[in-house]
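Structures incoming, each one as structure tokens.
Okay, so chain A shows up in both of these, paired with chain B first and chain C after.
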Partner chain A sequence: MYKEIRLSGTGGQGLILAGLILAEAAGVYDGYEVIQTQSYGPEARGGASRAEVIISDHVIDYPKVTSPDIVLVMSQQACDRYGRQVKPGGIVLVDDTNVGSIPALEEASVVTLPITDIARHDVGRQVVANVVALGALVGATCIVTPEAMEQAILARVPRGTEELNKKAFSVGLETGREARARHETP
Partner chain B sequence: MYKEIRLSGTGGQGLILAGLILAEAAGVYDGYEVIQTQSYGPEARGGASRAEVIISDHVIDYPKVTSPDIVLVMSQQACDRYGRQVKPGGIVLVDDTNVGSIPALEEASVVTLPITDIARHDVGRQVVANVVALGALVGATCIVTPEAMEQAILARVPRGTEELNKKAFSVGLETGREARARHETP
Partner chain C sequence: MRSETSIRLMQGNEACAEGAVAAGMRFFAGYPITPSTEIAEHLAAILPKVGGKFIQMEDEIASISAVIGASLTGAKSMTATSGPGFSLKQESIGFAAIAEVPCVIVNVMRVGPSTGVPTAPSQADVMQARWGTHGDHPVVVLCPTSVAETYTLIVEAFNISERWRIPVIFLMDEVVGHMREKVEIPDSGKLKIVNRAYPDCEPEDYLPFDADAGDGVVPPMADFGTGYRFHVTGLTHDRTGFPTTKRPEVDALIRRLDSKIDKARQEVTFVDEVLTDDADIVVFAYGITARAGAKAVRDARASGIAAGLLKAKTLWPFPDEYVERIAQKARAIVVPEMNMGQLVHEVERASKGKTKVISLTRVDAEPISPSEILSVLKEV
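And then the complex of A and B:
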């Protein structure tokens, strides 16, 4: 198993923290080898945000994401930039609350979910959109176990927000699973 | 300018968060190109923790720390493993609250400071030892501006802990500056 994941959006959406949580779910709780990277450059100062995680069952030699298997895009800018950079057979998970123009891909699946709307209305706090996204990612791709992800989330979120984040994760997970089921039964 | 920094210790000392804050200080607030990496493997599950940051004024091609300029060690295990892996002319910053056996280096400086004791007694909360360490790092090495570091800290710490963390940073900064002055006036 060797998977590259890119989480992209704008600053303030909590994607750096989401990358950290995904890495810890895979590395600390599921026992994989994991490398997690953030880059800051002119791009980051322009409001874009990107976190990358590589998950493998072998030692990872080259810590750079070259052709992601899974891409999360949570802003139009991120979608325009990263939405087409996905491995054939890969998955692009699009938060269509923030992305209006969605790429048509021939060799990869596009899963659109209203992640930010779900956070706002079903969970009640927009700030947990990143955790809804992590749930959706796990539900749609099975990249880590739900148990590992929940543990990793609870270990990183601010004290006092555990219940809110558990709810965000479980709502996201369910939505992601439903989306996968729709994809698998055409 | 091209600097590699490694922060090492045990899980629970907050070094992953410290790496993230250092990266954001340099990348978002000081305007450098920055790559920040965490690795999780058998090592992490054994309680060791390591975060790496590369800061440059040019685009960074290879995102892996090969020979750090600055190493922070906050546990004996981390010191044994990483304390000697430093560039000639580099600096090893040792938290001697947790490290008893300190390497003698010929080509690099070793700065020992009781970082965890400072957090516990001068700031009043051991949990901010990571922020004291960031202050000491800035004071002893000038790797980023104090202003950028303080902004990055305040942007990442839990709401309600801003004053505590400001104090931790300023006490660490002062201690690091004093240590540098002692080194420079033999």
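And then the complex of A and C:
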């Protein structure tokens, strides 16, 4: 296996933390080789933010993502910039709470889910949108095992927020699985 | 779960901090600057737990000065910075070199000159690392290519610094500093740790800069505050530590300091060779660019090109003998660098005209990609 994943959005959405958690799920808990890199502007909030993860069975030579298999976009700016950069056969996961103009791709699947709305209304806190997104990512792509992802999330989130984050993950996971099922049975 | 295993996902900067503490570093003084800040942040959290001291100083010059002072008292000491801060520290690095104070200076390279692009990677400080401070001076420069290598190589940095009483520059780049990879933390007992040589004479007989009391190159070093009183100066000095301008004494000091590098050369040179045995074209690379080089070499082999990689983890002293050996058998050496071409001149010098040397430069604040290197390998 060799998979490249790009998580993109706006500073403050927690995407760099999401990248770190995804990398820990794959590397520490599922036992793959893994590299996580990131790119961000000087702004703490509001600037473009991008985290990248490579998961492989073998030693990874080059740490930067060159042609992603899976892309998460959580802002219109990120969607415009990265929404079309995906390998043929890959998946673009779009948070349509924040993205109005969604790309139509011929060679890759586009899965739209209201990730931020789910965090806000179904989980109750918008701040956990990144964890909902991780759940949706695992549900829609099976990139890591749900067990590894849940362990990785619980090891990283602040004490006292475990139940909230567990809920965010399971709601996201379910939504992702449903989207996958819809996609596979047109 | 993480506490049950020695495998951790770590940032390069975190591995630098953890490795330094494992090497015995117990004093850090710094002034935060992107992209090195996580080193200071992490040390602020972990140093007090092992009885060490963390100080955030008022600026970069004060930081390196505090490091020199702490090292004189016997504490293995370190500072960490990036481009503009590294420029500020240069004068004191020369002081550490002439006063023979062991210390490690980490520079996580970002785009310069001046403020440049603070959040983006570069490799443009490799010449400054060797010659940033004025005067002939001994210095060793190490450069890791991965997070795991950062951990093990920073331990070597301290060992070299202690063994030879020299400043060691640890050159990382923004990508290595910020990326996360798995690191298997070695048991502390398994790490080779070197400590400075102490005098075995009585305090009243101590000549602080008498190399003959040691191995003829490195004088034994007493800790300040233990009764061995001595004078430390940036002026040229004799064996007593007091200033001298006598021609033979000045000559002897500069030549002795300089000779440390020749004597140390073999034990401080870390180079990895990948598929160079039968290679027709060899990529010479360091830092994050060596990772792109490794991928390019693998891809080139897949398309029938006999490519190899010479990965330099020691940049200074420059690994002449490795490059010369490659130059004798390879058709070309390709030197990708995230600068306008700095170490390529050293590769040319060490090649002695025996092969073609090709420079590949990139200065747009993005790392060099494997495909860029591959296309050069295909053209040669």
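Note that in this section the second predicted complex is superposed on the first by the 179 of 186 C-alpha atoms of A that agree within 3 Å, B and C clash if a C-alpha of one lies under 4 Å from a C-alpha of the other, contacts with A are read in each partner's own complex, and residues count from 1 in each chain.
Methods note: a contact is a pair of C-beta atoms (placed from the backbone, for glycine too) under 8 Å apart; a residue touches a chain by one contact, two chains touch by 3 or more.
From a predicted model like this one, the values you see are computed outputs, not experimental measurements.
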Touching partner for A:Q151 - first (chain B), second (chain C), both, neither: second
Chain B versus chain C as contact partner of A:R159, first or second or both or neither: first
First, second, both or neither for A:T66, with chain B first and chain C second: second
Which superposed partner A:E106 touches (first chain B, second chain C, both, neither): neither
First, second, both or neither for A:D57, with chain B first and chain C second: neither
Which of chain B and chain C A:E33 touches, first, second, both or neither: both
On chain A, positions contacted by chain B and by chain C: 20, 23-24, 27-28, 33-41, 63-64
Parts of chain B lying in touch with chain A, wherever the complex brings them together: 16, 20, 23-24, 26-28, 31-41, 44-45, 59-60, 63-64, 158-159
Interface residues, chain C side, partner chain A - complex: 1-2, 5, 7-9, 118-119, 175, 178-182, 288, 291-292, 294-295, 298, 367, 369-371
Residues of chain A that touch chain C when the two form their complex: 20, 23-24, 27-29, 33-42, 61-64, 66, 151, 155
